């Protein structure tokens, strides 16, 4: 009996083992190591991020630059088929665009919109959550009512509406960079609610604790108390929401682009590439849609797996 | 002497965790005779509830029975196939849990829950089962049972709900009732009624009762014999009067010293220093030795086995005589 | 009970007014209603005339009230693209969307519940793990990718099912149904699966989690202690308690299904409201967007209200308590 308990005893009672040792012995890391699937997901996510960052070094052409595209190279099949041609690893599309290069650059756009969207929605949600939780009263009711109402509508609908209105206000012909900004804005407005609810909840709990009262007593201003003391306590859940929302944001961007309400053909994201490729599905050029589709699916699946694992690891009760 | 209704020999229960195997129950033995009430007392985590669950066969993974035998009126039940054990549960062993608020399915009328249970263990028709259900509700003291039978659990008070739970536990006239902290979640005024009810039912039907509680007062009032548990072992077991008035095990002494008496002639209530060890850190030898005022070297290395001392069996080296306790 | 229903109804009206404000703002400020009527070479004076005749010079509050009154009568103005009343366009498209959404929801409920129960009860079997993996993929893959995949498999490669449109439809009054023709039913299969898959995985995960939770409750333990059969415990007690929240969620999700139909309808060129809406967003047809928002919100709010009231009917605890809590 007591023998069996020894490993647990030693691992938790070694003092000053350093943060790395502590991290390696932690429950979070334990569950990470135990799940091979999570490790694969982490590796794939990392790989896709690196590919996106290193796109200019790896791509055989810049797919955004029409001058580099040659129509004589159009509709070439992937390299390993009989009709394949070097250097077009995954074939080319209608305009002679190298599918592999387009995926690398498209990945960049998708990840940029996703990450910026998550940052924007996170910032908005955290801010509104802090305000609602800390001040309470009418502001709180107003913010939470809006959140309740918005939560009943799917994000994609809100994003589409924001997108449509933005197009109407700024005129239908937005350049690619402005479209990207609109997408980030639309995604941000669609996903803030969960952060706000989580942060508000913890603020309400923390607000009544002694250390906050003490901080108030010694005259720390409200924003310092919230940012320095209350916010750090909510970081775990926020990280989980952000990871899962990154996948959602990427899906939303891809969907908008697929529906023709997102990134234009001249600066395609993965969603745009799939929309373009979908037109060639019936004529047998499956590779134009298949590879961007696989890339998108791999990206989302890996991030979701990471998010799932993170949620379980930080909150074992949910398992 | 007739065969005991329940006989537990050297029972052990383990829980397998990520880090280790925790032994929640470590070789306990006791008997309960027909019509007898055995009180099982101890701190939280001493293994009282796990013992009850082990007897009725509801230890779920990661827990498992790792040793010993359990006999119900001579029939060995710890190794029965699940389906056979299921037929015994509710029919020959009834169980009452701590919290009547959560023990009843909120979406079913109490009559439906009673009828379902009765019909599971008998061949009664729907209407006969319903009649029996009304009789049972009357027996446990629910007023206007013919009307209340169609009420939902939330329409009853806590005490009334515990009566319904008891009716459910006794509906097949079991030989043994295991009551796991049946009064802990109830108001003090209701506690006495429920205790009286359990005692009366045991007497009227000759049912053996295993009453698990941390409340020595309840034990003293209800039980014929008492088992004092500490860290998954039985520290002392014997007739309730003897154990209360003349506890032998130092832990039992501390426990009895902690009961306030009406006479008020004790100068102060005794407090046992320290707390019960976690299951992952049970000390070698006697598990009570770090807190024991009388501990000597042997207590730190050798585990004491229960030994008869008068009417009581006690697991303590202070009373070491050659006469070892037998299953009787 | 009555007070509860009334309060919920008032809340629903509040939400609709909020949606009305957003919709009106889009209609009035993001798009210029005058453009609905005039061409590019209309003179400024004429524009001003039209502006006045449309009441666009009235105080905003007056215009808003007029907009709400019109919207309540399903008058949403004229589409920029089609030069037709938006209400007529929506009415024509609505049957397609509702049939698709209903089919998808039924599919999702049946398979979601079956798989969820299986995963909860046989949690360590290979099949349960397979379902879990499929559910993760179902949640991860964007709807349009699943649609494309299904089209590639069943329409392009195998040629079994059509890849677009509704097939032949039969008019019943103003409603048109594809449920009565073979081609209509065949056309419904792939879009229903595509649309229902996400809901199915959601329901499956919810049923599994909820059932595991219920199986841990005291009343299940007590049911086991009473010796009830495993079947009675699992499919009587546990399932009933599991399904109450699950059906609520599934009901609430029906609104989302209609909104998600936007994507499925685009992939399959399904002539429903969603496709109309996407085309409106692409072509900045504000009246359609504003009207779609109101219509979908109305469906949402109605469903929410109905589910809230039904919930109190299903759960006896709430029947007694809703009167004086929250």
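Remarks
Letters A, B and C name the chains as they come in the text, with residue numbers starting at 1 for each one.
Everything that follows uses one rule, which is that a contact is a pair of C-beta atoms (placed from the backbone, for glycine too) under 8 Å apart; a residue touches a chain by one contact, two chains touch by 3 or more.
Everything quoted here is computed from the prediction, not taken from an experiment.
A count of contacting C-beta pairs for B-C and for A-C identifies A-C as the more extensively joined pair.
With chains reduced to the mean position of their C-alpha atoms, the one farthest from subunit C is B. Taking each chain's centre as the average of its CA atoms, subunit B and subunit C sit 53 Å apart. Averaged Cα coordinates give subunit A a centre that lies 25 Å from the centre of subunit C.
Residues 15, 18-19, 26, 30-31, 136-137, 139-145, 148-149, 151-152, 156, 163, 252, 255-256, 259-260, 262-263, 266-267, 277-278, 280-282, 284, 286, 289, 293, 296-297, 300, 304 of subunit C touch subunit A in their complex.
Interface of subunit A with subunit C (complex): residues 149, 152-154, 156-157, 160-161, 163-165, 167-169, 172, 247, 251, 254-255, 258-261, 271, 274, 278, 281-282, 286, 289, 293, 296-297, 300-301, 304-305, 308.
The touching residues of subunit C, when paired with subunit B in their complex, are 217-230, 232, 236-237, 240-241, 244, 315-317, 320. Of all residues in subunit B, those touching subunit C in their complex are 56, 58, 86-91, 94-95, 97, 99, 102-108, 116-117, 120-121, 152, 154-155, 165, 168-169, 171-172.
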